[in-house]
Amino acid sequence: MAGLSLRRARMIIRKTLDHGKETGMKPLSVIVLDTGGHVQAFERSDGASPGRFQIAYGKAYGAVMLGMAGTAQMQRAEAQAYFIACANGAYQGALIPVPGGVLVRDAKGVLLGAVGVTGDSSDNDAAAAKAGIEAVGLTAEI
Amino acid sequence: MAGLSLRRARMIIRKTLDHGKETGMKPLSVIVLDTGGHVQAFERSDGASPGRFQIAYGKAYGAVMLGMAGTAQMQRAEAQAYFIACANGAYQGALIPVPGGVLVRDAKGVLLGAVGVTGDSSDNDAAAAKAGIEAVGLTAEI
Amino acid sequence: MAGLSLRRARMIIRKTLDHGKETGMKPLSVIVLDTGGHVQAFERSDGASPGRFQIAYGKAYGAVMLGMAGTAQMQRAEAQAYFIACANGAYQGALIPVPGGVLVRDAKGVLLGAVGVTGDSSDNDAAAAKAGIEAVGLTAEI
Amino acid sequence: MAGLSLRRARMIIRKTLDHGKETGMKPLSVIVLDTGGHVQAFERSDGASPGRFQIAYGKAYGAVMLGMAGTAQMQRAEAQAYFIACANGAYQGALIPVPGGVLVRDAKGVLLGAVGVTGDSSDNDAAAAKAGIEAVGLTAEI
């Protein structure tokens, strides 16, 4: 499976959490999925509620499986709610179609995986993911 | 497991049921979950319908997993229905995002668990939970 | 649905927990189900592992649904493993077919519900349930 | 939520992975769960197969929910296969009842969570978890 090394996934998580702290966000949880939608690394900040894994996972999983980042998923959900509801059924209820599910690409546009962030507002979650991805020299599609 | 002792959980349930009776509510059912969302104690009043466990559980479970009491969950559901619908999928359909799922904190704000109440109107359910939690000297976030 | 009053269910739980403490058992968890297999009351002792609800429920639920207490379910599982495996599928994986799922009857043999106990050995779990049921003047079928 | 800080969870994962590398094990994946069985941190080594999250999770989740580490779960499965099969149903198929699911306790025996390791033989997985846990001054129950 193509994708990020664990070393780089770990750095994205660290930088995403740092961004959240530096900008005063609530405690974030961050996941990195590979290009098959499988979990590579995850960290939940102290103070976050216990169910954050499922939310972070759902944001990133939908981004990988549909090839569509969280912002685009949300637009689709608002335009055509039943499509996202049914896609969610097809993916066994895992989707969380809001900002914070972010695709990760290299300089040539090749997909390397997805990052999912949860804990603050959806827009802040997405901004933190973007900061983490760009801190390691990659491109974020939010 | 941090949280309430069984003794205290039992007192919250008793006081919640008493409040319901004294104020003329319909037969209530009351659950106490620990900080991991696991069942510590539950009682269903005589005369309540048989499926009350799942409703009480879903109210309290969502409060623990999302770190958000029932009132806040309902507001989110009204602002962005598909987010709560999808979070529900992520938690395998267990959520009941209306008032009556109440977070329990100590005097310092430390989370000790959640109480779920069902049987009367959602607002009355939440009021009964609040009365039960405050009767044992703790703080309710409805 | 015929069955036990909450008052009596509560007394069975209390007496079952007392029996466990007095005889030096590990921390017990006790559930009471009505004759439809629905939860009426549950308590988890301090110090029990968090997943005890599901085990107590599964023991009592199978007893109600099959009309067969835990000992009989275990005998069937040992004689014909695939039958219990498939019955478990039919009941969505909820069964725990070992002693500790105990049917509750009145003096005339009328079924009033089931008690499920977990925490110590299966045989001790069943003995505690029996003690709790008999303490309120009812008959236990272990 | 009682338990490990993210900082300590991260150190356990790092030390577990180091142990695996130093002793020539196959690429390991390591999860840390809190005392409610919820994911706190996870890392999958480069070269591990994509489905390792579920295996690591299942090992640690069963340890938390049953209060029983992987070795004890395996012994129970060998003595009474249908009990573990049915417990697995009760926990929605998540259990992986073999060594590598390890309980984490402090010096006083207080449970802080569980570590799940997968990638090499079950015994080596458990040994790596033990090394990681002891490297941060805590006690492993394998």
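Here the chain labels run A, B, C and D in written order, and each chain numbers its own residues starting at 1.
The working rule: a contact is a pair of C-beta atoms (placed from the backbone, for glycine too) under 8 Å apart; a residue touches a chain by one contact, two chains touch by 3 or more.
Predicted model only: the values in this text are computed from it and were never measured.
Enquirer: Tell me which has more C-beta contacts between its two chains, C-D or B-C.
Expert: Of the two interfaces, C-D and B-C, more C-beta pairs touch across C-D.
Enquirer: Using mean CA coordinates as chain centres, what's the chain A-chain C distance in Å?
Expert: Each chain reduced to its C-alpha mean, chain A and chain C end up 44 Å apart.
Enquirer: Between chain B and chain C, what distance separates the C-alpha centroids? Give it in angstrom.
Expert: Here the centre of chain C sits 25 Å away from the centre of chain B.
Enquirer: Compute the distance, rounded to whole Å, between the mean C-alpha positions of chain C and chain D.
Expert: 30
Enquirer: Which positions in chain B are in touch with at least two other chains?
Expert: In chain B, residues 1, 34-38, 92 touch at least two other chains, as defined above.
Enquirer: Output every touching chain pair, sorted by label.
Expert: A-B, A-D, B-C, B-D, C-D
Enquirer: Note which residues of chain A are touching chain D in the complex, please.
Expert: By the definition above, chain A touches chain D via 1, 5-6, 9-10, 34, 36, 38-46, 50-51, 53.
Enquirer: Using the touch definition from the top, list the residues of chain B that touch chain D in their complex.
Expert: Listed in rising order, the residues are 1-2, 34-38, 92, 111.
Enquirer: Could you list, by residue number, the parts of chain B that touch chain A in their complex?
Expert: Against chain A, chain B makes touches at 35-37, 64-68, 80-83, 85-93.
Enquirer: Okay, in this complex, where on chain C does chain D touch?
Expert: Residues 48-51, 54-55, 57-58, 77-78, 81, 84-85, 88, 92-98.
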